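What follows is a short report on a single structure.
Chains here go by letter, A, B, C, D and E, matching the order in which they are written, and residues are numbered from 1 within each.
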Amino acid sequence: MRELELYFGPQHLGMVGNFSITLKAEGDRVLKATANPGYLHRGFEKLMEYRTWIQNFPLVCRINVVEPDHVEMAYAMAVEKLAGIEVPERAQYVRSIYLELARVGSHLFGLWAYANMLGFDTVAQWAMYHRDLVLDLFEELTGGRVYHIYIWPGGVRRDFPKGFKDKIVTTLHSIGGCVPDYDAAFFNNAIFHKRASGIGKIDQRRARELGATGQVLRATGMKYDVRKVAPYAAYDKVEWNVPVRSDGDAYSRIWVVRDEMIESVHMIFKLLDCMPEGEVFNKPPNPFKWKIPRGEAYARCESSRGEFGAYVVSNGEDKPYRVHFRTPSYPHGLIILEKLLENANIADVGNTMISLYVVAPEIDR
Amino acid sequence: MNEGLKEKLEKAFPHAAITSMRDTDYVVTADKESVLSLLAYVKDAGFDHLTLISCVDWIDEGEFELVYILSPYMKDNEQISGNEKINLILKTRIARGNPAFQTVTHIFENAEPYERELHELFGVHFEGHKRLIPLFLERAYDIPPFRKDFDTRRYVKEVFDNIPAIQDIKA
Amino acid sequence: MDRNKIGKWLKQPAKMANKYSLNAVYFCTGCGIIEIPPVITARWDAERFGIIPVATPRQGNLFMITGYVSLKTLRAIIRTYEQMPDPKYTVGFGSCPINGGMYWDSYNTIKHLDRYIPVDGWIAGCMPRPEAVFIGVTHLWTLIEKDMANGYLRYREHYDQYRGNQEKLLGKLDWPPLYATGIAQKEIAA
Amino acid sequence: MAMPSILGPFKTLRFLFEKPKTLRYPFERKEPALRYRGFHLNDWEKCTGCGNCADICPNQAIEMVEIPDMEAQPGQKNERPRLDYGRCCFCGLCVDICPPGSLRLSRDYFHIHFDTKTFTFIPKDEKTEKEKFLPPDKYSILQASLAHRKQDYEGFASDLDFSLFEPERITMPELGAEERKMSFVEQVLGYDKESARKEAARCLECKLCEEACPAHLKISDYVRAIYEDKPADSLKTIFKDNPIPAICGRICMKHCETACSLSIRGEPIAIRWLKRYVADSILDYKTALELSPAQPSGKKVAIIGAGPSGLALAYFLTLQGHHAVVFDAFPGGGGMVRIGPPAYRLPLESIDKDVNHMASLGVEFNFNTRVGSDISFEDIMKKYDAVYLAIGTSQSRSTKVKNADKCMLALDFLRKSKLESGVVVGKKIVVIGGGNVAMDVARTGLRLQKMQYPDEPTEIKTVCLENGDEMPASEDEIRESKEEGIAFNPAWGPKEVRLDDGGNIAGLLCMKVKSVFDGQGRFSPSFYEDQELFLEADTIIEAIGQAPDFSFIPQNLMSTLEFTPRRKVKVDENGQTTITRVFAGGDIVNINLDAVTAIADAKVAAEGIGKIFSKKTSG
Amino acid sequence: MVATVAQCVLLPVLGIVIGLFFLGLYRKIMARLHWRYGPPLIQPVIDILRLFFQGGMSHGAVFDFGLVLSLAGAMAIILFIPFAQWCPLQGSGGMLVILYLMLLMPLGTALSGGEAANPNASIGISRKLILALGYEVPLLLILLSVMSYYSTISIVDIVRGQQASVWALFSWPLALPGIAYILILPAVLGVRPFDTTTAPQEISSGPLVEYGGKYLAFEHIIHALSLFLGISLFVNLFLGGAANPIVFFVKILVVFVACVCINAVFPRLRIEQAVSYLWKWPTAIAFLGLVVVSLVK
């Protein structure tokens, strides 16, 4: 059979984000896949060296458009570590709730992408509708639909508006009410099962070797979740479980995502119940004069796709000397994807990619 | 970090300086000869998750600092041992003039794209790396863009501001 | 909305069809794409106005440049734009294509999109909300109605300049020019 | 997880019969959230043009542009922010840094246009630009743009609790009212290093203060140096414009703090106290300043009056290499500030610190030398290349009501109490006047009472023409006086000093004020003769104003000295009076009557004198 | 004679109109399941109109020829399949011609799509052919059973046969091939889970990837026609055709809506999964049906 060279993306309906995979294929079988990132490279870390500590907050969230919140959190945590800023307790709770909302939104987006990839518009559209409801919550809380710029060093930017707690509960209940429909139509759909099980299978040993985190690792059975192993914000204040599966394929991953969403919603309810009153913001010094002593810090948090880390170096100036983000999609999209696509079916390229939840902007940065 | 490991490290690598910042971040500064063996050693000691390879351009000192950040995966699928929250930051310095270092892809497979990125953005050559080809960039830059002496604002002025707007010929 | 006016359909069928059948090329050029899925899905449902995403540039007539454009993407954008059949409309999304936006000092993103391909309309915001996209579409309708959405004609007319700017930035392009260069000058001379 | 099923999905077909959830935009609408971050609104009346928004913008989307028909005033620049929506990312940093809170984000976000030029605009709000903000019935979403916006649509607004600046100042430790009224110990204790740095860190460097300061000190620079813990650098910056920081750091009228952009919604930066901190924390100015002596020019300048203006001029001239000789009637430097501000505000040591530094630079001081009696003005005119009049207003005015000669005059009282000892006051004091001097007098009187009658009840009252909120004294002074227990009787004018049988003062008879100024705004009080108030007193001190004393100037010269309509000495742009070689500055020239304006005059004069000298040598 | 000519002219037009109506209805029904309103019913017509006004690019003579072949094939079949009582070419060839002509459509698309020299197109075409191979086997078995049961190759006779008794689907021996036909109907129509050929998210709409302008418009029309034809065939063979056009229209409408519902609730299968499915159950049932029918007969 003739060997074909195929470009999957960047202009492609199945591609979420501006990413490209070059495939060498023989008929329907992929011989070799090469990830081809860089369509979204903006040089964030370089730009950050030109902006002051606080000016970087509007910038960093742009690293991941699907879920900007965990980028903010990782950067804020690193800055807080470096500058020794304390965060008030209520702010920790607010942050946790905010991040869990972001996780739900992001997973719904992932669900949209996955269903859409399989041509399953129906579920895709529902997921996107529900994500929009979550975005409404964000808009109410932060004033922005997509880019929230909410977490600031020393706390959060504004407190909950009036009646916001109830709004969260109502919205999440209305989304939760559709879980049986999602289950019936999507997760327990026999044809979906046929399509997803066994796809992009990776065993735990291999996943560890390739630096997998997040649901890719959890789908192989390890309960590794940064929220659990190195708790931050208020994650150690409430009880919750880390959902895992053991097959390591796309079907397991999507189920981990599903369980995680439900767990997140339960966690939000618990956090709302025991949220203390009080301050939510410890003002950092004047932004024009804020200098952070020489040093370095690495902070990490669990985004909806895996471990998100920020390595920040300060040389005592009012701007970071060097910032480097560890993004979960980076190993997933550049190594694991390439390995998983070898000998895969062409029809499963997008399937595999989206089951790994590769988000292009956070690879390119 | 459990004390045992710290002592063991100190014994095995007497030249490496180990400092702990805060209770979860440990910084090991090593000379470049011992980095590979150190990495292999800590990998065996449980730090088998290479989270990040980074590079810092200390231009005033004429050196690049390579930073390897490691943390342990869980030993057991269920149980958390408490070690997982530790970040081990392993640092070494190489000369800025002719930056080259050994690849670590044979120890950590996922180092591959990180080293590719550093090669492209900092111009650090990794010997033994199988695929040091461009990753992100489209244009060729005289100085690798993430080095401190590359001034992106000046670059923007020189390149993008010199592209003329489209003139309406009829007008 | 004058979609239901039969008289207008009979008078200018081409224009009307163009207006109410905007098929968008699905190309996630930047972060603005994050607001496109909501626009085309259940919450906002752009299909009510005939706007759907299509898989290939050959099938589309609307190109939304969603957000910042890096150099690598610019190459793909020019390719895609040139593949689209006339008439075609381009809409720039958000701050970044207008004047650099967030990435005004980035070495890898372009600052003024209209120097490389013609753009018929711009929507302010970072990101533009779905509502703004809808209003943007109504503005595009007006422009089509008034024959002002003529970017594709401008592209042909000033192809020398556009191609020149593209090559200035990206180096020699590896595909042949879409139009013979120098047409515009000849036409003016004649 | 249930078993995958092939029939289960058909359950969802019921949605065929349910109402769609789509929002049928634009027929149905959803209002953006109350905190939505949309386009900018700027209240031009509140905006100070400070430019903090432009500085903080990470995208350089904001540029401050000069508004042609707008005038700059102290605390107000004639610039307003211009937004570029080809750059803006709607992060709202500009809102959170805006000190007056004038910049807000609206809930409007529609602007669609084919021309990129329309994406730049100068934001205003419905107060200042009505035609662009339409009421809901005229507003059409299909025409929505930057020039077609909805009224009352404010979104993300500034909140002091979450602002990026610190609206409250670091409290300056000071003695409590009960403690301080017992003695003349300095009331404020001064910042220590930490709190000074913290206070300095609040400064946003908008430089409104620098424009408001008569002497245009580089305030933000020296405040930044304090923040960076480089007091020597800070002192160097201060000395470029103000050579008497220890004095000014205590008694400056702080026009800068009034102008400070933080003062609009919070407390201004304690610029004065920071200057005091610098001056006090450096023990030896000379080593800190590292001044290089100028080439001696051989010119001699006589400076009459060792007040702030005179001292400053002496310093500036010395730096230019001229020899400055200062004459003053008092036994030490400082002029009016030596006697005016009581010791609890300005101790003599601080004055001497500045003066001694000046002397160490080579300025020649002739104290206890009254020009006119000890040395004649003609002699000075002959001996020196230039003369600078910095004589200040050294004579207290009197109310001249009946028996007013029995009263004490403010300056005499203050001078005696500060420089000499032995002013005896009564148990019941009445001070006439509502200005800062009156406050000083009253509070000095209070302390003297406490010291002279430690265990007896005493009382002290003030009387002034103005209403309570129109009193010319600074708010701080009034507040502190009230804390110390001084009683106020605003809007009463003195009618007569009543004497008892022995010819001693029995009290002050006052009448109610009808108005202080006449129709043209001139000072011309009128009274209700029938409403009277009698204040019992055994000591009455008049503190209603001061006047300069030009008696030392010979008549022939005096006749050529011209005055402005406000009875001030007229000077040209070089600080020169109508008499050649005679320059003037300080309270006799300006209407501000404060130290820093006097320094500003000295700066002008120093340049003027330098100009004249260089002209002479070259010509 | 005049009536036949009139039918020859009108039936393709009617087919196109109904096909386009189906496309509009398809989008509307899908939209309702998506919780939204969807486009106006007329939207496919607007789209096609727009495409006709849009400049397209031809990729050579074979490209054009393939397209014409497809269109001609589709138009031709219409004349052989009864629309209620109208069937202009009922005398000639019957089922065999239909089977032959039905191959023209994918063939033409393959020809022209292959000329476009886009790897996605070639993958799409190979998928289309494989899928056709997949459903042709059971389809042949089914048609064989029907033909042998009614002992005729004329579709008009088959319809008449059913109208005389009960619908084939509910008659005992033909129920089995009927079920098999239902199972392969989505594949014949190319709706999910069998829309692997055009899978926009996988291979950028496959053979259509290089189509633009009027070429794409023709493709849309062909698609509309093929929907109409596939359902008409099923209705005629198993649902007893119809005596008058309205009943016929209602029947095909019901079948179409059912297909759309299937389309809405399933994701797309991979091509080899599709083929293995088609060769498993439907083939087995169809084969069983054939055996039973021949035994009964």
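Keep in mind that, in the parts below, a contact is a pair of C-beta atoms (placed from the backbone, for glycine too) under 8 Å apart; a residue touches a chain by one contact, two chains touch by 3 or more.
As the structure is a prediction and not an experimental result, all values here were calculated from the model.
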| item | value |
| --- | --- |
| Chains touching both subunit A and subunit B, listed by label | C |
| Taking each chain's C-alpha mean as its centre, the one farthest from subunit E | D |
| Comparison of B-C and C-D (more C-beta pairs in contact) | C-D |
| Chain closest to the assembly centre - both centres taken as Cα means | A |
| Computed distance of Cα centres, subunit E from subunit C, in Å | 36 |
| Chain centre separation (subunit A, subunit C; CA means) in Å | 30 |
| Whole-Å separation of chain centres (CA-atom averages), subunit A against subunit E | 43 |
| Whole-Å gap between the CA centroids of subunit D and subunit E | 88 |
| Subunit B residues counted as touching two or more neighbouring chains | 136-138, 145, 150, 152-153 |
| Contacts with two or more other chains, residues of subunit C listed in rising order | 41-45, 48, 54-56, 70, 72, 100, 102, 104-108, 112, 114, 126, 129 |
| Per-residue multi-chain contacts in subunit D, two or more chains | 9, 12, 20-22, 24, 32, 58, 89-90 |
| Chain pairs in mutual contact under the definition given at the outset | A-B, A-C, A-D, A-E, B-C, C-D, C-E, D-E |
| Subunit E to subunit D touching residues, read off their complex | 29, 31-33, 35-37, 261, 264-266 |
| Subunit B residues touching subunit A - in the complex, by the definition given at the top | 21-22, 24-25, 27, 48-52, 54, 56-57, 67, 69, 71, 73-74, 77-78, 80, 84-85, 87, 89, 108-110, 112-114, 134-138, 145-146, 148, 150, 152-153 |
| Partner subunit A, residues of subunit C touching it in the complex | 25-31, 33-35, 37-38, 41-44, 53-57, 68, 70, 72-73, 76, 80, 102-103, 105-109, 126-127, 129 |
| Contact footprint of subunit C on subunit E as seen in their complex | 27, 31, 34-40, 43, 46-47, 49-50, 52-57, 200-201, 204-205, 208-213, 216 |
| Residues of subunit D defined as touching subunit C within the complex | 20-26, 29-30, 32, 39, 58-61, 84-90, 109-114, 116, 119, 141-142, 144, 146 |
